[in-house]
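Just so it is clear, A, B and C label the chains in written order, and each chain counts residues from 1 on its own.
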Amino acid sequence: MASEALDLLRFKGRDALNRIDYQKYGDSPTVKYYTKWKLFDKYLVNPGICTSIGLMVKSDFEKVGIWKYSAHEDIYPIGKLIRPDESKVIASHFASLRDSLVVEIRDAGDTEIKIGDGLGSSSIHARHIILIVEKRINANIIIDATNYENDALETLFIEGYLGKRSKVNLLVLNSPPSGTPSINIFRFALDSHASLNYGYIGSGGLMHHQDDLFILGEKAKIMAGAAFVSHRGRKIDYVSSVIHEGPGGESHLSSQGVIFEDGYGVARGMAKITRTGEWSKTVYEAGVVLLGEGGKGYVSPMLEIDTGNVLEARHEAKEASFGQDQLFYLMSRGLNLEEAKYLLTYGLLSSKISHLSEGLKEIADEYIKKLFLS
Amino acid sequence: MTEAVKTADVEELLRYTSIDELYGWEWEYAKEIEIRGKIGRDIIEEISKVKKEPEWMLRLRLKALELFNKLPVPKWLTGIEEIDLEEIAAYVKPRAELTKEWTDLPDEIRKAYEKLGIPEIEARFLSGLTAVYGSETVYSKMKEKLEEKGVIILPMEEAVQKYPDLLKRYFARIFPPSDHKFAALHVALWSGGAFVYVPKGVKIEQPIEAFFFIGGSLEGQFEHTLVVADEDSYVHFIEGCSAPLLKKYSFHDGMVELYAARNAHIKFTTLQNWSRDIINFNNKRGIAKENAIIEWTEGSIGSKITYTYPSTILAGEGAKTSNIVIGIANGPYLKDTGSKVIHAAPNTASRIISKSISNNGGINIYRGLVRINKGAYNSIANVECDSLILDESSMAYTYPHNQIEEPTATVSHEAKTGRLSEDQLFYLSSRGLSEGEAKSLIVIGMLKEILSDLPLEFVSILNRVIQLEFSEVGGIG
Amino acid sequence: MLEVKNLTVGIKADKIKNVLYNVSLSVAPGEVHAIMGPNGSGKTSLLYSIMGHPRYVILNGKIFLDGEDITFLPPEEKSLRGLFISFQHPVEVEGVRLSTLLIAAKNKRAGESDLLKISDVRMIRDMRQLAARIGLKAEFLRRDVNVGFSGGERKRSELFQALYLKPKYMLLDEPDTGLDVDGVKVIAESISSAVSEGVGVLLVTHYARILNYVRPDRVSVIVNGRIVETGGPELAQLIDREGYSKYGVVEVDGSG
C-alpha cells in the first residue's frame, strides 16, 4: 500500500536536504554550534535503503484500548508537528522515511505501554512515531531506544498529541551507538488540562536531542526531567524547550548532564511564554557536572517572556564538580573517592525522574544504574 | 470503542497545531541584518589624511576595512534594521554636509519640557544634549594636578600623534577588528574618543567624566576610548552619551578598551541616553592581569536599539570583574544587552548582574557568556538576571551561556522574570502615587548601583529623565 | 467626616464573591471608631474597599469624605485627599527605599513635580526624629519598603508613614499585632496624640488589647460582612471578656 502523503514528505525531505543548513543561527558567541554538525555530513548522503519498520507495541492492544496503524493507512497525518524543511538532518530523516508507527491510546488504564524494545533489529535509518492520547485517558509509556546496532545516521522522531485532561507518564531510555551520529526530535502538543510527566535518560555517542513541548490549551501541566551521561569521547547536545501558548499553564523542566573525563555535554533549551500564554508559570533548571579532566560542559537555559501577565518565570543553571565537603563527608563514612562520586552522581541523576509514576520510576532507576557500568 | 476511526477531539487538536501556527511566534521585529552599499578605501584615506595620522594608523584602518568586507554579519544577532553603508559613509565623511545642529530641536519637544516647567538647560540634556566632548571643559579642572603625576588624558586623535608607542601596544589589540564585522567597521572608521593612561601607583580619586554626543557631527558615532591603568593604579571613568533628535536614524558603533595591569583597578561607568533614532552598537572589552579589578557599570536608557555587552578577560591569576548592566526599554525599543567574562587564569572571580525593565511594548534581551577555560582552577562565576515587565505588551528574553572546561570551577546562574504585582501598585498608590510615578520609583530603585557611583548633578538629572519617561505626560523623543 | 453608606462589596475571583453587605459607619475628626470582629469577618475588606483596592468591587453604596463622594476615586487620589491606610500585612516593594517613598509622597502633596527632590534638609531630619519616636532605627529609612522587616518593624513602619504624611483620617488594620507591650504603648501614644490633633481614626482590631491604650469613642462589631452591633467603649470590654460567642461565632484558636 502506498501513501501519497508519505511520498510527498519524502520528496520534500529530499528536496530540502541539499538546500538548507543544519541550523540557521549560531549557538553562542564562542561556540558556533554545540552539536558538531560536520560529523553528520557523511551519513546524510544516499538515504533511503530501508524497507521495513521494526517498531513494536508490547501490549495486548485492543483489549486495553490501544490502536496501532501504519503511516500508509493515512489515518493521522505525519510531518505536521515536525516539518521536513526545518533543517538538514530533519530533511534527511524524512527523505529516508519508509513508514511510521502510529499509536492511538483510547483507554489504556494503568497498563504500561512499551514502544521500541530497543528499536533496532533491522537496518533502519528513520524511526518515526505518532502518538495520540485521547481525552481523559491515562497512559504510562516507555520508549526504549537503547538497542541500536547500525552504522548509520540514527533518527528517532516522535509527534505526540495529548488530548484534553489526559495524563501521560512518559519515560524515554536512549543510548544510540557510540560511533555514529544520531538525532532525536520529540514534539508534544498538549490540549487543555492535559498533563505530561516526562523523564529522559540517555547516554549517547554523537547525539543531538531536542524536545519541544507545546502547551496549547489552557491550564496544561508539564513536569520534565532529563539525566544524561557523557563518557570519554561522547558528545551529547540535549535541548529541551517548552512553549506556553495556552493560558494558566505550568511547566517545570530540569536537565542534568554528568560529564566524565574527555566527555562533552550540553544542557540547554528555552522556556517561552507567549502573549496568549498569560498567567503561566515556568521554571527551568539546567546543569552539568564535570567529573574528570578534559571534560566540557555547556549550559544555556533561555527564557523568553512575551507578556507582563506572568505568574512566575525563572531559570537556574549550576555547574560545578562535587564539593570537597560533600566528598569528604561520604569518605569519612568509609567510601572511597570513586564510590563517593558514584553515589553523588546517582543521587543527582535519579532526582530527575522522581516525578514519574512508580512503575516507570523503577525502570528508570535500573537504567541509571546500568549507565555507570558502560 | 471498536471502530478504528479517530475521534473528533483529536482531529480538532491536529487541526489546531498546524506547524505554521506553532511557528507563528517568531519575534515580530526579527530581521536579519542587511548591509547595503560599500565603504571605500578612499573614504578611509580621506579620514586619515584630515586627521594627519601616521602611517601605522592608516594601515590599521585599511586592514580593518578589509576584514569588514570579509567577515559575515554576526548570525546570533537579530533585530537590527538594515544598515546603509553609503549613508554611514556620508555621515562620517569629513567636511561632508553636517546635519542639523542641536539648537534646531523640534518645537514640540521643546514645548513638552517647557510645559513641565523644566529649566531650559535641563531640557537640553533630557533631549540628549550636553557638554560637548572634546572641549577643554570636560577635564580641564583636574588636568594640571594629574599631569604632574604623569597621568595622560587626551582626545584620541591627539594621543595617536603624541604617544604612538603606547597606542600601538593597546589600540585595537584588546578588542581586535577581526572579532566581528562591527568591530572591524569601528576600527576602520573610528573618530573621536579619549585616551587615558594612569601610571604605576597613581590613584585618581575623582572620576574622569566624558560626554559623547551625536549631533550630526562625526565625532560621536565611532568614538574610541582606551583606558590603560598601570600597576597598582586606580581610575574611574564615566561616560555619558546623548544625542538630539535627528532627522534620520543614525548608527553608532563605538569602542571601549580597558587594560588593567597587575593590581590595577578600573571602574568604567556608562550612562546612555541616546535619542530614539539611534541604533547603538557598543564594543566594550577589558583585560585584567594578575589581581587586577575591572568593574563595568552600564545604564542604558535611551536609543531605539542598543547592543552592548561589556566584557572582561580575566587574564591574570586572582583577577576579578564585576559587570552591572541595566536596561530600560520603555516604548517600542529594544535593549539587547549582556556581558561576557572569560576566565583564563586560576582563582579568578566574576559577577554579572543584569537588571531590566520593559514597559509600553519594550523588549529587553540579556545575552551572556561565562567561559571557564581549562586550567582556570578554582574560578568562581555568579550571574544574576532580574527582569521586570511592567505591562502585558512588553517582553523580556534571557539567553545565558555557561561554558565550563575546568572541573574545579563553580558557575551559578539565576534569573527571574516578574511583574509588578497588583498589591505592590496598590501599596504605592495608597501613599498617593500614580501608576506612572510608582513605576518610576521602582526604576530609580533598580538603578541604585549605578547612581551611587555618579556625581550628584548626574543623579538628579537622571532622576528627572526617568520620572518623565514613566509619567503620563509621555516619554522623551 | 469620613462616611461609609450602605456599602456592599464583592471580591474579584473566578466570579464575584460578596464580602461586605450594606455596611454603614462614620468617623469624625478627632474621633476613634474601632471595628472589631472575628477572623475573616470582613474587617480588612472594609478598609481595602474604602481605600479602593482594585480587587474589591463596590457593588452598592457610597463613601464620602467631608461631604464629597470619593467612592470610585483611584487610591492615590484618596490618599492625596487625606486618607491613609496602614496594612496588616504590608507587601514588600523591592527597589524602593522607605525614605524615597516618603519623599515622593511628600513632594506629591506639596505639588512638587520632581518626586525625588529634597527641597529642604528638614525633610530628612523630621523623618529621622519621627522614626526614633516610633522606635524605628534610622537604617530602616534606607532599606527597601518592608523588605526583610520583621512583623513588629512593619507595624512601626506603617504607623511612622501615617504620622509623617499627616493624613486627615487613618485606616489602621491591626496596628499592634506582633508588638510587645512596650511597642503597643508607643504605637498607641502616637495614635492618641494624632487623634488629639484632630485626626479621625478607623481602627480595625480583633482583640481589645490596643483599646486599653487608645480609647475608642465608638465600637462597631462586624460579623460575616455585616455590622451587627455598634456601641461605646464598654462593648470592647465585653468582647474582651466573652469573645464573639454572643454573635454565634465560635473561635477555636484565638490567634489573630
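Everything below uses one rule, namely that contacts are C-beta pairs under 8 Å (C-beta built on N, C-alpha and C of every residue); 3 or more make two chains touch, one makes a residue touch a chain.
Being a predicted model, the structure only gives us computed values, none of them experimental.
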Item checked: Leader among chain pairs (count of C-beta contacts) -> A-B
Next item on the list: Name the chain with the Cα centroid closest to the overall protein Cα centroid.
Entry: B
Next item on the list: Among all other chains, pick the one whose mean CA position is farthest from the mean CA position of chain A.
Entry: C
Next item on the list: Give, as an integer number of Å, the spacing between the C-alpha centres of chain C and chain A.
Entry: 55
Next item on the list: Could you give the separation in Å between the centres of chain A and chain B, each centre being the mean of its C-alpha atoms?
Entry: 38
Note to self: Please tell me the distance, in whole Å, between the geometric centres of chain B and chain C computed from their C-alpha atoms.
What the structure shows: 46
Next item on the list: Provide the list of chain B residues touching at least two other chains, using ranges where the numbers run on.
Entry: none
Item checked: Complex interface listing, chain A residues touching chain B -> 24-31, 62, 65, 67, 69, 75-77, 80-83, 104, 106-107, 132, 134-135, 161, 163-164, 189, 191, 214, 216, 243, 245, 272, 274-275, 278, 288, 290-310, 312-321
Next item on the list: Could you please specify the touching residues of chain B with respect to chain C in the complex?
Entry: 116-117, 421-424, 426-434, 437, 440-446, 448, 460, 463-464, 467
Checklist line | Touching residues on chain C, where the partner in the complex is chain B | finding: 51, 53-55, 74-76, 78-80, 84-85, 87, 90-97, 100-102, 104-105, 108-109, 113-117, 144-145, 161, 165
Margin query: Could you list, by residue number, the parts of chain B that touch chain A in their complex?
Written below: 1-2, 4, 6-7, 9-10, 13-14, 16-19, 22, 25, 74-76, 78, 340, 358, 367, 369, 371, 374, 383, 387, 389-420
